[in-house]
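To keep things simple, chains are lettered A, B and C as they appear, and every chain counts its residues starting from 1.
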Amino acid sequence: MYWIEIIGTFAFAISGIRMAAIKRFDLFGLYIVGLATAVGGGTIRDILLGVRPFWFDDLVPLLIVAISLVLYYFFSKLINKIAGTMFLFDTIGLAIFTLLGLTKALDLGCSFIIAIIIGALTGAGGGVIRDICINEEPLIFRKEIYALACVAGGIMYFLLEYLGAGPAVYHGGCIAGVMIIRFLATKYHWELPKVRLE
Amino acid sequence: MYWIEIIGTFAFAISGIRMAAIKRFDLFGLYIVGLATAVGGGTIRDILLGVRPFWFDDLVPLLIVAISLVLYYFFSKLINKIAGTMFLFDTIGLAIFTLLGLTKALDLGCSFIIAIIIGALTGAGGGVIRDICINEEPLIFRKEIYALACVAGGIMYFLLEYLGAGPAVYHGGCIAGVMIIRFLATKYHWELPKVRLE
Amino acid sequence: MYWIEIIGTFAFAISGIRMAAIKRFDLFGLYIVGLATAVGGGTIRDILLGVRPFWFDDLVPLLIVAISLVLYYFFSKLINKIAGTMFLFDTIGLAIFTLLGLTKALDLGCSFIIAIIIGALTGAGGGVIRDICINEEPLIFRKEIYALACVAGGIMYFLLEYLGAGPAVYHGGCIAGVMIIRFLATKYHWELPKVRLE
């Protein structure tokens, strides 16, 4: 679990760093946007839940973003080539962050609907903060089934729990739910409808 | 009071949904922008006051935004036609949210100046978050007497209380103050001056 | 110290007001952007630390922003002429806000790395909020050694403390560190490298 979280943090950091690089931000800007993408969702979660941001007691994410920046600086060509692999990592990160947000909300006494929302915010919030930082319309509002995958994973969690499954099953089910929906949505270009404007 | 709050939430949700639809966001994006507009001001208020967001214990706003989205999806032509009625609803929402923010701040021990500010943030904050989400300059900074109407309502509250009026009077006075200033400002195209630039 | 803080608040407020005026915001928009610039960093700090925003118990910043607005409205030509002096004030503000953020974080039990980050957020956060409000890419991500000067000041603080210096010395060292790095960076056009894109 811990290593999966690190992989997710790394993938989110690289996603922020790449988009900031396209915007011609300097190395400091890249670091901050990478950090905001990687820890932004969890920070929103912690502010809403009324607890201290998780990175106050855990400097590992700050370090991972720094390592991501160094790697991107020296191997940006390579990283752009393995964008498909990065998509896999990003989806793992999305799934694991959703589960972490959901369980933290439950631990702090939230109802299951709020827990699903907090899970989706934890997973998808970093990408929204990234897009606001680089002054773009948040991507998730237009193009992809992204946050909805988090919601699907959250529903899977409570469905399996309701059916009497053990923690390993509903934790795994949540992660699998997010990943499968995201993969299917990307593969088959699922898109939500838009309202027709005259 | 409860029904007025629901009307306000509905009006704010529709305002967010309409602007997101113009930006060609998908249904999920419409829901999130509608939600951010409807509960954003109250969420900022609760974060500043150090309490849990109000919608943690009250799922009604989440439901109203969902209903608003369904209505907008099927009846967008009709809703665009009754934009004048929506303006009335929106102003009711602005007034009621201002009063709710102000009284919550007082309940939690804030001074009256801070309570007026919190009231204005609660009323007008949702619109600012909406505009940041859709990547536009916040409308209230440029075009309308909007947040100032909230401030006027807040001043009315404390003026009437100071003059010895009962709660029903100063609560009503606050709501009336916001609505009257907003109607007059819109009808007579009141605008604040801008600084002349060379 | 108190007067230096007021000078810093004034400089930050003017910086926000000037940029909002360029965007043709009205007087209310100018006030809000000025306020967001002046108290935004400290508000982010207080939200992350889980305490009430400092301006709840201290209305002086709200007043200083109002005075700044009046001065700017009547003397904008003069203020634009003394932009060099404003740069000095702004740098003083940056340094003092960094120190205030850092010491508040320490008082509330944060580790020294978190305190440095909180210090930099307090100093540089207002400018980021300003740029998001006026719908521009945050300047600090692209052009200047700005937040890094805050980090340098924070390191100076702990270095001098570690070497056994008294509070006056490491407080002064932090302020001097921020100001010197910022002046040198501006004078010699120091810039961080950017990633080369193909």
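Quick note on the criterion: contacts are C-beta pairs under 8 Å (C-beta built on N, C-alpha and C of every residue); 3 or more make two chains touch, one makes a residue touch a chain.
Remember, predicted model here, so these are calculated numbers, not experimental data.
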item	value
Touch-based graph of the chains, sorted into line, ring, star, complete or other	complete
Chain B onto chain C, rotation angle from CA fit, given as a multiple of 5 degrees	120
Equivalent interface positions on chain A and chain C, same or different at half	different
Inter-chain centre distance, chain A versus chain C - centres from mean C-alpha coordinates, in Å	30
Shared interface positions of chain B, touching two or more other chains	47, 50, 132, 135
Footprint of chain B on chain A - complex, ascending	47-50, 110-111, 113-114, 117, 132, 135-138, 140-143, 145, 147-148, 191-198
Of all residues in chain B, those that touch chain A in their complex	20-30, 32-33, 43, 47, 50-53, 55-56, 59, 62, 72-73, 76-77, 132-135
